[in-house]
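You will see two complexes here that share chain A, one where it goes with chain B and one where it goes with chain C.
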Partner chain A sequence: MVFATFFQVLSENNARITIHLKNDLAIEGNIQSVDEYLNIVLSEIDVVNNEENPYLLSVKKLLIRGNTISHISMPDHGIDTDTIQELAMKDMERK
Partner chain B sequence: MINISSVEQPLDLPKLIVSSQMKDASSGKGSSEKVYVKCKGNRELTGTLIVYDVHMNILLKDCVETVTKRSDDEDEDTPPEIITNHHPFLYMRGDLVILLSVS
Partner chain C sequence: MATDFFQDIMNDVVNVITNDGRNFVGTLISYDQKMNIILTDCNERVYESKDVPVEAVKMNLYSIRGDNIATIGKIEMDIEEDIDYNQVKAEPINPTHIF
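Presenting the complex of A and B:
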């Protein structure tokens, strides 16, 4: 649940992230919401390689299924690593 | 330095790395140990391990991503194309992780 909480915090700050999918599509957008499966809703999206994917040009908002995500790149939005680590440690001790 | 002999279960290794990283950070030591992660799709990552979970989802700080691209039609002698990217923070999904090691 650590990652769900982490992305939850990012969504509250409306952070802009870039999601790279397993099919090499990269989508940049503001993170709106996230759930336990790490399904993510992005708004005001920009597709990184637009020329190859013109069908996404008119899309403003979308939901990405968690299991299609490869990796997510985030700029340093003042991410508080200490709090995340403490949370993760507590989470593990509980199990 | 990570004491490998105290690793009893596989996930004890990232646990040790994270706790040593936390110790380094709280004692003000800037340069903590970096991890090397090999992923599916000829992708390699190096960075500071912040958190992980049971799926081996990982969050890396100051991550350098290296992708090696080799096109099929070229012969073995031509060097592969290497792309490097820097990410302040990178989340990597666990199902693509092949191995994780202390670099």
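Presenting the complex of A and C:
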């Protein structure tokens, strides 16, 4: 659950992340919520390269199913990595 | 949790992209914990190429199995009404690669 915890912290900070899907779409948005399957809800989404990929023109709020996520990029500033590390360590200790 | 999101978009018009690269738009009337969904007044948006405008194919009542869903988005009707879909042209969406 370390990764779910990690993204939960990001969602509390309303961080803006870019999710790259296995179908080659990349979607940027504010992370709203995450669950144990890493299904992620984004708000205020923008599809990267919108002109080529006009599939979500009228969508602002999007649920991305965890199993279609390839990788996720995020800015490394403004993210409190100490808290994330602490939470992750606690999670490890519990097991 | 995903269930909060579904409660939020219940009875709204949603845009669903499936793992085989298809795009459906319809009103969400039902879902379950496996993310199986039922859409009414469903249309498939067929993207053929960059030279052909997107085409809507009527599907009526449509059910999509949860594990075939890639994304579900809520359509904002005020934005939707301003879009001229005769001008929207794109290559088909790639299928989700499963390795």
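By definition in this document, the second predicted complex is superposed on the first by the 94 of 95 C-alpha atoms of A that agree within 3 Å, B and C clash if a C-alpha of one lies under 4 Å from a C-alpha of the other, contacts with A are read in each partner's own complex, and residues count from 1 in each chain.
One rule holds in what follows: a contact is a pair of C-beta atoms (placed from the backbone, for glycine too) under 8 Å apart; a residue touches a chain by one contact, two chains touch by 3 or more.
All figures in this text were calculated on a predicted structure; none of them were measured in a lab.
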TODO: Please tell me, clash or fit, for chain B and chain C sharing chain A in the overlay.
DONE: fit
Open item on the list: Contacts for A:Leu21 in the overlay, against chain B (first) and chain C (second): which applies, first, second, both or neither?
Closed with: second
Open item on the list: After the superposition on A, what does A:Ala88 contact: first (chain B), second (chain C), both or neither?
Closed with: first
Task: Most chain A residues touched (candidates chain B, chain C) - done: C
Open item on the list: Quick check on the superposed pair: does A:Asp80 touch chain B, chain C, both, or neither? Answer first, second, both or neither.
Closed with: neither
TODO: For A:Glu44, decide between first (touching chain B), second (touching chain C), both and neither.
DONE: neither
Task: Touched partner set for A:Asp35, first chain B, second chain C, both or neither - done: second
TODO: Figure out whether A:Val59 sits in contact with chain B (first) or chain C (second), or with both, or with neither.
DONE: second
TODO: Could you say whether A:Phe6 touches chain B, chain C, both of them, or neither, answering first, second, both or neither?
DONE: first
Task: Superposition-derived minimum Cα distance between chain C and chain B (Å) - done: 8
- [ ] Pick out the shared contact residues on chain A: the ones touching chain B in one complex and chain C in the other.
- [x] 22, 67
- [ ] Mind listing the chain A positions that touch chain B in their complex?
- [x] 2-3, 6, 22, 38, 67, 69-76, 79, 81-82, 84-85, 88-89, 92
Task: chain A-touching residues of chain C, taken from the complex the two chains share - done: 1-2, 4-5, 8-9, 15, 17, 19, 21, 23, 35, 45, 47, 67, 69-77, 79-80, 83, 88, 90-91, 93-98
TODO: Write out the stretch or stretches of chain A touching chain C in their complex.
DONE: 21-25, 27, 32-33, 35, 37, 39, 41, 45, 52-65, 67-68
Task: Residues on chain B engaged by chain A in the complex (per definition of touch) - done: 15, 18-19, 21-22, 25, 41, 50-53, 57, 59, 61, 85, 87-93, 95-96
